[in-house]
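Okay, so here's the structure we're looking at.
Chain naming follows the written order as A, B, C, D, E and F, and within any one chain the residues start at number 1.
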Amino acid sequence: MSDVWLTTLITDTPQAGFELAITLSRRGVKYTQPDVAVLKRLRPVYAEDAEALTAASQVIAINFQTVAAANNYWRK
Amino acid sequence: MSDVWLTTLITDTPQAGFELAITLSRRGVKYTQPDVAVLKRLRPVYAEDAEALTAASQVIAINFQTVAAANNYWRK
Amino acid sequence: MSDVWLTTLITDTPQAGFELAITLSRRGVKYTQPDVAVLKRLRPVYAEDAEALTAASQVIAINFQTVAAANNYWRK
Amino acid sequence: MSDVWLTTLITDTPQAGFELAITLSRRGVKYTQPDVAVLKRLRPVYAEDAEALTAASQVIAINFQTVAAANNYWRK
Amino acid sequence: MSDVWLTTLITDTPQAGFELAITLSRRGVKYTQPDVAVLKRLRPVYAEDAEALTAASQVIAINFQTVAAANNYWRK
Amino acid sequence: MSDVWLTTLITDTPQAGFELAITLSRRGVKYTQPDVAVLKRLRPVYAEDAEALTAASQVIAINFQTVAAANNYWRK
């Protein structure tokens, strides 16, 4: 993957930071399985599996820790 | 999801911070599975599964770390 | 749950901090499954499951990180 | 459990800190399952299960983060 | 493994930092299972398993926390 | 285990720090299962299990966070 997709961790709002955390989480999957067709096939299965959804939320939470710290928690 | 749901990580009390951590955890799930009908169907199953409940509590704990740091742990 | 159960992360001793971490972990479960009767039914099952006990200990460890940082690690 | 088992997170050496992290991890289990007879029964099973051993090591690693930070990483 | 593969955690951009986090995650696997033939055999299996992909993304997220902190979050 | 195996978290290079993180991860297992014969028996099984390898890499990542912080990320 030679495309540029991440140039900064700084976001305007906490919500944009949370959405960046989601992007980071998905990129982590995509670097391991770059075949989009496979990812599409897997999606419907795990999106109906409560355990898998919780695990996905956990990865987002870990990445959100990083993004929030980078933004000094968007404190004024 | 274009609605605004997260404008600040700052809360008045630790308990409100804990409840924000729960919101973050649920949003992490919702971004992955936006279909509310599916989420409602999954809920009764995993809410009776001890392992799933512990996993949910873990995601909350990770998000609470972020919120607590943002609030400088509500120290006076 | 409108009751007030968390007003501060500050504790007198590390042990009281560890016990607060346990409270946080249990509250994380309770917010997801508020029905105490269900929780009571689940308890004997997972309390005899080594994997579930380790997972519970992990959530406590994560919450203890937060409480310990809040208390500046109870350094004199 | 009203006994006093944790009065400080400060240790003389990193190794003593690692051993304190093990104590914290075991206490996390014990607060959830206080019956020592049950714990003894579970022990031989999970001590031969690679996945359970890795999970135990993970809890120790998380608690070691806390203890190491408390001790300022035992830097001179 | 006596080869030198990690001389610094500093990277020019967040994306290069994310890719270093991937390298760290893979090295963690490789130190445990150094036999490349085995790793190659395992790859197609877990690259089609949603749970395994999420777990891989989680390890990357944890390593990215370290790399991002090392780089002071690439703040200007 | 009364032998001295950990006297400092400081290492010359990030790679030596990563290898110390591996040592910490293995010690976490060994304190739980001190019988080397059992560990040797388990090794071939989990070293061929992708999920177990990812879990091992995760524990290393957590311990590497600690070691990297201790070394101030080997910044010059």
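Here is the rule we use: a residue touches a chain if its C-beta (ideal position, glycine included) is under 8 Å from a C-beta of that chain, and two chains touch if they have at least 3 such contacts.
Treat the numbers as computed from the prediction; the structure is a model and nothing was measured.
Participant: Chains touching chain C and chain D alike, please list them.
Facilitator: none
Participant: By mean C-alpha position, what chain is farthest away from chain A?
Facilitator: D
Participant: More than half overlap in residue numbers between the two sides of the chain E-chain F interface, or less? Answer same or different.
Facilitator: Interface between chain E and chain F is built from largely different residues.
Participant: Among all other chains, pick the one whose mean CA position is farthest from the mean CA position of chain C.
Facilitator: The most distant chain relative to chain C turns out to be E.
Participant: Please state the rotation angle, between 0 and 180 degrees and to the nearest 5, that superposes the Cα atoms of chain D on chain F.
Facilitator: The superposition gives an angle of 60 degrees.
Participant: Provide the C-alpha centroid distance between chain C and chain F, rounded to the nearest whole angstrom.
Facilitator: 27
Participant: When the C-alpha atoms of chain C and chain E are each averaged to a single point, how far apart are the two points in Å?
Facilitator: 31
Participant: Among the residues of chain B, pick out those that touch two or more other chains and give their numbers.
Facilitator: Within chain B, the residues that touch at least two other chains are 49, 51, 55-56, 58, 62, 65, 69.
Participant: Quick one: do these chains touch in a line, a ring, a star, all-to-all (complete), or other?
Facilitator: ring
Participant: Starting from chain A and stepping next to chain B, in what order do the chains sit around the ring?
Facilitator: In ring order from chain A, with chain B immediately after, the list is A, B, C, D, F, E.
Participant: Applying the document's contact rule, which stretches of chain A touch chain E when the two form their complex?
Facilitator: 4-10, 24-29, 31-33, 38, 42-43, 45-46, 49, 51-52, 55-56, 58-59, 62-63, 65-66, 69-70
Participant: Spell out the residues on chain B that touch chain C in their complex, using ranges where they run on.
Facilitator: 13-15, 18-19, 22, 47-51, 53-58, 60-62, 64-65, 68-69, 73-75
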